[in-house]
Amino acid sequence: MLIVMKSMATQDQIDVVISQIEQNGFTAHVSKGDIHTVIGAVGGKTIDAREIELLDGVEKIVKITSSYKLASRTFHPENTVIKLKNCEIGGKEISMIAGPCSIESEEQMDATAAALAQYGIKILRGGAFKPRTSPYSFQGLGEEGLKIARRVADKYNMCLTSEVMEISQIPLMLDYVDIMQVGARNMQNFNLLRELGHINKPILLKRGLCSTIEEWLMSAEYIMSGGNMDVILCERGIRTFETATRNTLDISAIPVIKKLSHLPIIADPSHASGLRDKVAPLSRACIAAGADGLIIEVHNNPEKALCDGAQSLFPNQYGELSAQLKTIATAVGRIF
Amino acid sequence: MLIVMKSMATQDQIDVVISQIEQNGFTAHVSKGDIHTVIGAVGGKTIDAREIELLDGVEKIVKITSSYKLASRTFHPENTVIKLKNCEIGGKEISMIAGPCSIESEEQMDATAAALAQYGIKILRGGAFKPRTSPYSFQGLGEEGLKIARRVADKYNMCLTSEVMEISQIPLMLDYVDIMQVGARNMQNFNLLRELGHINKPILLKRGLCSTIEEWLMSAEYIMSGGNMDVILCERGIRTFETATRNTLDISAIPVIKKLSHLPIIADPSHASGLRDKVAPLSRACIAAGADGLIIEVHNNPEKALCDGAQSLFPNQYGELSAQLKTIATAVGRIF
Amino acid sequence: MLIVMKSMATQDQIDVVISQIEQNGFTAHVSKGDIHTVIGAVGGKTIDAREIELLDGVEKIVKITSSYKLASRTFHPENTVIKLKNCEIGGKEISMIAGPCSIESEEQMDATAAALAQYGIKILRGGAFKPRTSPYSFQGLGEEGLKIARRVADKYNMCLTSEVMEISQIPLMLDYVDIMQVGARNMQNFNLLRELGHINKPILLKRGLCSTIEEWLMSAEYIMSGGNMDVILCERGIRTFETATRNTLDISAIPVIKKLSHLPIIADPSHASGLRDKVAPLSRACIAAGADGLIIEVHNNPEKALCDGAQSLFPNQYGELSAQLKTIATAVGRIF
Amino acid sequence: MLIVMKSMATQDQIDVVISQIEQNGFTAHVSKGDIHTVIGAVGGKTIDAREIELLDGVEKIVKITSSYKLASRTFHPENTVIKLKNCEIGGKEISMIAGPCSIESEEQMDATAAALAQYGIKILRGGAFKPRTSPYSFQGLGEEGLKIARRVADKYNMCLTSEVMEISQIPLMLDYVDIMQVGARNMQNFNLLRELGHINKPILLKRGLCSTIEEWLMSAEYIMSGGNMDVILCERGIRTFETATRNTLDISAIPVIKKLSHLPIIADPSHASGLRDKVAPLSRACIAAGADGLIIEVHNNPEKALCDGAQSLFPNQYGELSAQLKTIATAVGRIF
């Protein structure tokens, strides 16, 4: 932490700051510039920087160290590659996750997975518990849905991912899924994150709608600090003033994360845009920008979907997109 | 729902739209303008409007009815006034809630409450479970903290409010608090909201950091649809591009809510600004804008606080603010 | 400027940074912490910090000095008080500016000003050149409008303010107005700002819709660096994700500016909210938060206004608001 | 325009609304739903919708027609292709514009253009007048710079684009450039746009930092309404809460614009990200998303650039990127 004093700060004010940081176990390094005195605080315990910021004569406080360590590339320079039974995430091969928003029935899941299998999909998605903004909307099939999805995933030799919404669902989910999904609204549900740090399955952590990249990595840190190092980050759009799209997919976050962290990063163009005809262009853009994979909604019959049909691709649309992505992957040195 | 067709939409396209909405149980009212045909869809069941939006020839969809009913002033024109044992919220009198961020010890709570009692505070605040962004920060005293806070509140004849972070904490919290607080990060934790709809204590519902006013009212609806009508809305700042303050307190939300809903609305200037010296100006502004009350962090010794001391007022600062608010209350026809 | 090196930065990388900043005329002060080496760069000429940020081994760059000097309270601790012929802005008395959005006719201006004179208004507003988003909307009366407004202002012994939209209008405007207004869209029209730095009338500088407080002060600096120190800042709402109001009035900016700068700050609740019924609550909030004044749209017949009638108060509504503000002013130690 | 009445609106209130819209020349079409009466207003002149919104009993107003016509794909279904002397923009071939931020000298321009010519660049960029946030930064070479850039462009058989900052510069610019650039800060400088509508050279219109897509198209409409139909839209990043990148490049805007408008759209990844190492991933993403081209900063010696060197590519970096884009172009059916 660096404390920048005001240009007119008195020696007394400087001394108070030094004394305060020393009381918190820091060593103070003072350097006097032309205009400002800067005090470096080294080696102490955690302190609320704002407490120093409020002292007389202080201009501002500068944090030096990032709050996350385990998620940082600084301390782990090589990419994390997460191994599943039939594929890897974060390696050279692009990882495609596809399936419907909600698990609705055996027929729906089977028809969708059969179509996806043709296009080489190795990870199936489908929600069993749905966080709906209206209390009157379809809330998901629960365990019954998980059973269906598991049977279908096994039939087509796919892994399965589904969203966990609260701590009490974890034991149940563990019986069925290969990857636990944490939704955008739960990105800072710290109690849930802490529990997920103690399981031994990968966590797909979506970015919160108004979360900064630093907060997102901090949430990954919560999980990792419990011992579970297999975190997959998923960009799914942030909220901005623009209303022409549901959210603004922050594609810049992909190269930023690649620089800051060793964790794999994928993107969810379906939820970001909310409309089927935007999914293909955004999918292509994410792979071109360096994403390790995508999670896309595909439904065997989107017009009859109980949830988010409007943003689900038809299977043949996925097929066309898949061919485009194959070409783009070669441009960025990846395998599709 | 109104469906606006493109200026060049064909009769066939119009017919497909009509057929689709009729299949969903709606009656179609078609009116042809100079440029656009508009189709009104009346009386059907819930439908994902985007499904219609994707049909050929459709320009856009317009939702007519708001998604919330119980929270809406349309169906409940008079203000909701929530009765507590020693005061009311939403009536003519301004409701002030004060106390430390976290419950730290009996001494701290007692000293703070003693000071606040002098200024007429009737509702004490204090966190027992703390949602901290870092896994290494102080996480709260838990039930021990609730016991302390309850004893102190009783001693000074105050009501008590504290934050509930997950469903499993509800039974415990019910034994100690008079008002359950839902934090900004849980505003869309729908499972939690649903459970809170079944208890018989008021809920203080903070606005999410990037939630629209409509979503906020929809979250109130979640609680109310379970039968609990005593919801207090709390504006606590939204996230914007401005970095000079921690969040941007959306004071305009106060008159907007007053128009749309009958629920009481208070504000939290401490969390919004994050710095003590901004709390007084923002508190005055909220009361001047018509808020029903404030929730403010006050600590007997902010510089030693384990959490958010930098945004906590000293008791005497609260006293000065209190005197200013008394004057402002008269300007807006309220009692302080 | 401080350069924070990565934890794993090599001595070679540190040396390259030192060499680079010394080539730009800075002196380097190196201090080694537990994890990071920090290099202070003192006394050099302007440099694009990103150039250093891109060097190998650099974690981040921290700017120490703010980019504005003349606008900063650091170098000018006392409030700036701007003297007009009949009043002051930034002193103990609250400054109220009122009038219609556009100057439409002598009758309209006279009727409006006559009503405002009763409530003690000393500064009249009215636009002669209107920046309209549609090329087909009313574009203002131009010089004819300025003549009308000047005659009316003189009749009621008021000062006049009106918006200047481009450099070529400056000489004309100088003949008629007492305060030049710079609109939100021109806040970073640097050519215009530079010219306004050479005139000897006060400038009312509105904040851009997506401008940070620092950029706003930097724009004030542009004007002041030309010699014109009489800048009045005007908060008028920023753009956020919230759509229930036209813009989000950033009332927190008022105490923030009061801390950072010595310049007077007023607010424009009419443009921020865009709706008449939000103007009074927001006006009260701004004065309660410490604003030095307000600029409010009032029209003798808002329903017939050619521009922004929906956000204009009726004269008697202004009268009621005025009485409330008088009370609030006393709460914050101001004269109304 | 549709007027949705409140569920409890009285017949009297409905009558007042009808009367008001008829006074403005509209015909009223009334349709009564289960809950709401909806009044369609057809065929009248321009009216400020808020004036109706403020009438008693009105729930909300819905605009039916978009404010832009000439820029809309509704009235011009085929893509606009802009013809320059040596290439087209908006056709099947991707258009690449490259060059330094500022024109600094003949040597710099020549060395940069020579390198770019090898990679097939047909349009050179370079600023002669620079809008700098600090009054002390390099402000550009002015006409001298334009002369240099023109000579160099001619030598390498390239077109030239440069930014026009105000009306008074138009005649001068016309002598030198092939495409006039309007910067983000001038996107709503309506006086400037109006003048540019009368010239016969294409306009490259950058999106404002906080402008919606609708406002952007409205600004294009301003130019087109004067007769100049050759507008090239340029996405360059919007301002959000994220601070890890300078701006958030809104790549979703590319498919959105392609649906709403027939105008060509390109992107500027250099200004959006502000850092060289983000330019390649974002460039690839934009082409993958369907952009018609890119404008990229390339400098023969970025480390010595007088302006924005940190975001400028080295010529060989441009070459590598170029090869990647060639592959991606094939994936989206374009020629590179």
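Going in written order, the chains are labelled A, B, C and D, and every chain counts its residues from 1.
What we mean here is this: contacts are C-beta pairs under 8 Å (C-beta built on N, C-alpha and C of every residue); 3 or more make two chains touch, one makes a residue touch a chain.
What you see is a predicted model; the values in this text were computed from it and never measured.
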Contact-richer chain pair (by C-beta pairs counted) among A-B and A-C: A-B
Subunit A and subunit C: spacing of chain centres that average the CA atoms, whole Å: 38
Centre-to-centre distance between subunit B and subunit A (centres being mean Cα positions), rounded to whole Å: 26
Shared interface positions of subunit B, touching two or more other chains: 210, 239-241, 243, 277
Touch-based graph of the chains, sorted into line, ring, star, complete or other: complete
Footprint of subunit D on subunit C - complex, ascending: 46, 48, 50-51, 53-54, 67, 131-137, 165-168, 185-186, 188-191, 194, 208-210, 215, 218, 221-222, 225, 239, 274-277, 303, 307-311
Complex interface listing, subunit C residues touching subunit A: 2, 4, 6-8, 29, 31, 33-36, 38, 40, 42-43, 62, 64-65, 74-75, 239-241, 243
Residue numbers on subunit B that touch subunit C, as the complex places them: 210, 212-214, 238, 240-245, 248-256, 259-260, 272-273, 277-278, 281-282, 284-290, 324-325, 327-328, 330-332
